[in-house]
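Below, each structure is written out as C-alpha cells.
Across the two complexes that follow, chain A remains constant while its partner is chain B and subsequently chain C.
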Partner chain A sequence: MQVANRREWRILTTPLVGFLLLFLGFPIVVNLVYSVSDVTFETLRSPTITGFSNYIALLGEGDFWRASWFSLRFGILTALAECIIGLALAIFLAPLLAKRTFLMAPMMLPLMVAPAMVGLMYRLVLHEFVGPVPYYLYEWFGDSPTFFSVEAAFWTLIVVETLQWTPFAFLLFYMAYRAVPDEVHEAATIDGATPMQIVRTIDLPLMVPTIIVAFFIRFIDGFRVFDNVYTLTGTGPGGSTTSLSIYIYEAFFKQGAIGKAVAASMVLFIASFAVLFGLNWLSSRKSKGARA
Partner chain B sequence: MLKSRTPILTGLALLTAALLSASAAQAEVTVLGWPGGSEETALRAAVEAYNAKGDVAEDDKVELLFFNRDGFYDKLQADMAAGSDAFDINLIATYSIGRYAPYMEPVDLGAGAADVFGEAVLETTQFEGKQYGVPTDLSLHFMYFRQDLMDELMGDEAAKAKYAEIAEEYLGEALTPKDPDEWTWDDWAATALYFTKSINSDSPTRYGTVLQMKNLLFNMMVFQSLPRAYGADWMDDEGNITVDSEAYRKGLELYKMLYDAGATPKDSLSYEYAETNAAFAAGQAATALQWNAAAGELTNPETAPAVAESVGIVAPPSGPEARADHIHGLGLGLNANAKNKEGATRFLQWMATEDAALLYAGNGGSPALTPEVVAKIADERPDLVKLGDFAGKYGYVMNGGTSAKALSVYELQAKEFTGYWSGQTTLDEALANTTAGMEELLK
Partner chain C sequence: MIAALRWVVFIIAALAMNFPVIVTLVTSFKSAREITTNPGFWINQPTFANYLQVLEVSDRLNIFAYLGNSLAAALIGTTLALILAFPAAYAIARGDYGRRILMPSVVNLRAVPLIIFAIPIYMMFQWMGLLDTQLGLGLMLTIVNLPLALVILVNAIAEVPLELDEAAKMDGASTFEIMLGIIRPVVRPAIVTTFIFGFITAWNEFLFGLMLTTNKAVPMTVGASFFFSASGGGVQWGPASAVMIIGALPPMLLGLVMYKQISGSMTAGAVKG
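Entry: the complex of A and B
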C-alpha cells in the first residue's frame, strides 16, 4: 500500500506511536526518574531527585564491571558456539531432514524447556552424588571434573546455554539453507565444484544476513541471561557468575538499592539499543551491497 | 434462538453470583503462608480446624494464599511496600522482621502464649521490643553423623592412632576420637579429615563432611555457629562492627582448610540444603551440619535407605566460648493494610494457644514449645524435644540479626566468604570488605 500524503501517514502511524508511548515510553520515563533519584521501597511514590549519583556510583563499582564483563563474554561465546554448531548441523543434516522431516521435532525439544528448569535439571545431572554424569565418570575413569568450581562454572554455564539454544540457531540456518535454489547447487556441481566449495562460495555468502541476525539475537539473549545461570550456580562463589541481569536483581531486591538497580538497567537498555542499531546498520549495509 | 439462550444465560449469571457470594462469605481472613514442605501441611491443618470451630464467625473464616517459594521474600517485600491488602496475615521470619515491620502492626498474643512457647521463643518474632507475630516453626541446626562409623572408630585402636596422626598433620594437635556430643569444632574437623578417602584410604566414605558453601544467605546462617562458638558477634554494644575478629578468622580458615584438603565434595561451593542432604543420604559423607528440617528425611528409611538406621544427631560442636546454635523462627504476623484486622488478630491469638500449637506440631510443623507442652507430643515428634532442648541451651541471634538489613548482611557475608573459600580473595580482604559493607548496612 502506498501512503498518499502526510495526513494519511500520521493517521496510519498514530496507533503504533500510541502503543509505543504507552507500553515503552512510560516505563522508560519512570525508570529515568528513579535512576536519578534516592529511592527505596518506602519512598517509591515520592523519590528524591539526586542527579547522576547512582550512575557515578555504579560506574565506580567493581562488581558492576565484573557483571558486565561476565555478560559480554557469556553473550559472545554462547552466540559464537550456537551459530557455529547450528550452522554445521543445518548444512550436514539438511539432506537427511529433507527426507525425514519428523526428525525436526526431537531436535527442537531443548527449546521447549523453560531456562529456569534447564538450570535446575543440570544442577541434578551434574551433582556428584545423584547426577548421572559424575557417576559414570567415576565408574569409568575413577574421577570426575568439578563442574561448579570457580574455574569451571563459567564453562559449564556456556555448555548448558549452548545445548539449550543451538536448536534455535539451527532452525534459522536450516531455513536459510533450504532457501538457496537447488538449481544453483546443480549448476555448481556440473561445473565441478566440490561440496565444500559449494558451501564456502555459494551457501555461506547467501546465508550471511541470516547468520548476522542469528548471532545478534543469540548475543542479546546471552548478554541478558538470568534464569538458568541463577538456578544453576546462583551468583557463583564470590559473585563469580553474576551476569548484569542478576546484578540488577540483587541490587533491587536483595540490597534495596533501587536507584542503582534502575540506573544499571538503563545502562543495559542503552547497550541493547546500541546493539540493535549495529544490527540495523549491518543489515542495511548488506542490502545496499546486494543491490549494487 | 435468542429465546433458547435466555435460561442458559440466566443460569450462568445465578451460578456466578452464588459462587461469588459463597467465596465472599467464607474467606474473610486471608493468610499468606510459606509454600511447600511441612509448614504448608501444618498450616492447612490448623486453618481447617480453626474454620471448623463453632465460635468462629463466618466473617472470620480463614483462607490460605501461597506463592512460589523461590524469591518469596522479595515478592513479599514488593507487595507490602506497594500497600497490598490482598492478605491480612503474612509470613515473618526472625531475620526479616526489621525489613517488614514498617508495613506491619504489632499484635497482642495474650498472656498464655509465654506458657506455650516460652519467652525466648516469643522473642524470635519480636522487633524493637514489640511482638510482631506468633512463632510457628523454629529453625536451627543439627550435627548429623554416622553412628555406625563412629562406633567402629571408637572401638579400633589402630584407627585411633591413624586419627591422631591425621589430626596432628592438619590441625597441629594429635587428637583422640570423642563421642560426637562432646566434640569441639577441631574434633569435628579431625573426624571429617579421618573419614576422607583421599586422606585416609581406609575410609568407608568418600568425604568426612559436606559443607554448604554456595554464595547464599541461608548458608551463612549454617556457618555462623562455628565462629560464634569462639565468641563471634556482628556488633559490640556501641554498634561497632566486630566481624574482623579471631573468632571469624578461625571459622573461615577451618572451612577453607577442610575444603582445600578435600574433606568436603569439590563442588561444595555450589551446595545448599538439597545438595547437602543428597550427599549425606548417599552414604558418602560421615558428618553434615544441616538444618533441623532435614531430620525427617535423613532418618526415614524410605528417603534415605543407605543411612537412615545409623544417623546420629547432636547439637553443633562447642568452642572455647560456648556451644552455639543459630536460631530463627518463622511465624505469622499482621499486615498493616489488612482488611479484617480484628478477625486476623483472633486467628493469630488462637494459633498461640496450646491446642493450636499441638495440632500444628502433630501435622508436621516444628514449633518450639516449652518442656511441659512438648512432653505431650514427645512420642510422636521426638525431634521437637531436641529442637526445644538445643534452642533453650544453645540458641543465639547475632547482635543486629533482626535489623531491617539483616538479610543484606547475610548476602554480603555470603559473597565475601565464598570469595575467600574459593580462593578469589584473601582472608584479610574478605573481612575488610565485609566490615565496610556491614558498617554501611547497619549504620
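Entry: the complex of A and C
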C-alpha cells in the first residue's frame, strides 16, 4: 500500500529543492557567467562576456598551480597518514576498548574542536618563546626546529591535520573491525593462525571497502582544507601554504580578482565532481561490504 | 604484557590528539608573567585573571556577542536543516521520491568544497542585505548541515515499520499527519542526534563566518582570532588561551555527552558517502 501519492511526495520535497536551487543552483549559474566575463566590483550587475580569458589567465598562473599542488599533496599525505595510524590504532586498541566504551570519548574529543581553533591553539603550542613544544625540545635536546620556515610549514600542517582527524579514520575502522564476526576469528585461531596472520588475511580484506571510503573522505577534506591552515600559517612564508580554498578566498577578498576567483571555483567544482564520481562508483560496487 | 602496552599506546594517542587543547587549557590559567617565564605544563600560580579579562566587553572585543552570534546562527542552521530535510527524508524513505537525484545531490554536498558557492552567495547576500547578519550565516550553516541531516533521517525513517503508516492511513490520517504525528515521535532520537551533531558542526564552522560577517554577526571561531591581534605589543597569550577554551567548550561538552550517538551518525554519513 502506498502511503501517499506522487503529488504529495513532491510537496514534501519542494522546500528542500527550492532551498537548494536558490542557494546552490543560483550560485553555480553566477559562477559560470562570471567566470567567462570581464567582471569587477563595479560591473557586478552588467558583466561583459569575454570568453575563456579568465580560465586561460588562471591556468597560466604559477600561484594557482602551486595552490593546487599544495592541496593535492596535503590531501593525499594527510589521508594516508590518518588511515594508516587510524587503522593500526583501531586494530591494536580494539581489545582494550571493547569493554570500556567510555575510553572512546577522549579519542573522539579532537573531532569536536573547531579546526580554526585548533590552528590558533597550535600557534601557542609551537610558539618559539611561550610554546611548550620548543621549550621542552630546548630543555631536553638543546635545540628546536623552526616549525614555520618555508620548508617546515607544510609538514607542520600535515602533522596538525593528522593529529586532529586520525580519530575520524580510527572510528570508522574500529566499527568495521568490530563488525567482523567473532566466529571467524575463533575458527582461524583454532586452525593455528597467529594474530598477525588473522589481521592480514581476514580482517584487512574485509575492511577494504571501509578503508577506501575513509581515504576518500579524508582526502577530500584535506584537499579543500581552509580553517586550520588559515588560522595557523595564513598563506605561510612566501605563499607556501596556500591551499586552493585559500587561493580562491584571497583572490576574491584581497585582490578583488572576481573573474579569476570564480574561474578557480569552477575548476575546483569540476575536479570535486570527478573525485565524487570515482567515490560513488567505488562505493556502489562495494557498498554491501561497507554497510556491514 | 600486551594489555599494558595497549594502555600505553592509548594514553599516548589520546594525549597527542588532545595536545593543543591541553596546552591551551594550562596556559589559560597562567599569569602573563608566568607564560613567558614558564612555558612548561606545570602551573606555579594558577589564576583566573585571563578569563575575567576576556569577559570584559570592550569596543573592539565582545566575547558575549561572538558567543551569541554563534549560538543564534547555529540554532538557525540546525533547525532550518531539520525542517527542510525531514519532509524530504520522509518522501525519500517512504515514496522513493527523490532517491535518484535529490538524495545524491544533497549527500554529495558533504564532499564538495563549499567555497565554490561562497563568492556568488556573498554577492547575493549583499543584494539581499544578509551580509553580516545572524540569519545570513545561519542560512549558510543550513547548507553545511543538510547532507548529514538527510542521511540520518532517511535511515531512521526507513527503519520504522511501514505498517505504522498504513495503520494510520486506514484510520484516515493524512500524509502530513502521519509524518508529524506518527513518524516524528518514533524517530525522535535521530532528530535529537541530528540536532546535536549539526549544532557542533555549525558552531565550529569558520570559512563562512570569515567571509559573510565583519562586525555585527561575527561568530566565536572568527572572533577568537581577533584576540590574537587585540592590541599593540604582540599576542596576549593568556587572554587568547582563555578565549579559545571558552569557544571550544560548548561543542566539546556536547560531544562528550553525546559521543555514542555522534559516532554512529558520523559513520552513517561516511558509509553512504
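Just a few scattered comments:
Everything below uses one rule, namely that the second predicted complex is superposed on the first by the 259 of 292 C-alpha atoms of A that agree within 3 Å, B and C clash if a C-alpha of one lies under 4 Å from a C-alpha of the other, contacts with A are read in each partner's own complex, and residues count from 1 in each chain.
As a working rule, a contact is a pair of C-beta atoms (placed from the backbone, for glycine too) under 8 Å apart; a residue touches a chain by one contact, two chains touch by 3 or more.
Because the structure is a prediction, the values reported are computed rather than measured.
Superposition note: with chain A as the common reference, chain B and chain C are in steric clash.
Residue contacts after overlaying the shared chain place A:F148 against chain B, while chain C stays out of touching range. By the document's definition of touching, of the two partners only chain B reaches A:P237; chain C does not. Contact with both chain B and chain C is seen for A:L44 once the two complexes are overlaid on the shared chain.
Among chain B and chain C, the chain that touches a larger number of residues in chain A is C.
In the superposition on chain A, contact of A:F129 is made with both chain B and chain C. In the superposition on chain A, A:M104 makes contact with chain C only, not with chain B.
After overlaying the two complexes on the shared chain, residue contacts for A:F253 are found with chain B and with chain C alike.
Applying the stated touch rule to the two superposed structures, the overlap between the chain B and chain C interfaces on chain A comprises residues 44, 123, 127, 129-130, 253.
Those residues of chain A lying in contact with chain B across their complex are 41-42, 44, 123, 126-130, 146-150, 153, 233-240, 250, 253-256.
Of all the residues in chain B, the ones that touch chain A in their complex are 71, 74, 77-78, 81-82, 102, 213-216, 265-267, 269-270, 275, 278-279, 282, 284, 405, 407-408, 411, 415-416, 418-425. Across the interface of their complex, chain C is touched by residues 1-4, 6, 8-10, 12-13, 15-17, 19-20, 23-24, 26-28, 30-31, 34, 44, 89, 92-93, 95-97, 101, 103-118, 120-125, 127, 129-132, 134-136, 163-164, 166-168, 171-172, 175, 210, 213-214, 216-217, 220, 223-224, 226-227, 230-231, 244-245, 248-249, 252-253, 258, 261-262, 265-266, 268-269, 272, 275-276, 279-280, 283, 290-291 of chain A. Partner chain A is touched in their complex by these residues of chain C: 3, 6-7, 9-10, 13-14, 16-21, 23-24, 27, 35-36, 39-41, 83-85, 87-88, 90-92, 94-95, 97-98, 102, 104-106, 108-109, 111-113, 115-124, 139-140, 142-143, 146, 162, 165-166, 169, 175, 178-179, 200, 203-207, 210-211, 221-222, 224-225, 228, 235, 237, 240-241, 244, 247-248, 251-252, 254-256, 259-260, 262-263, 266-267, 270-273.
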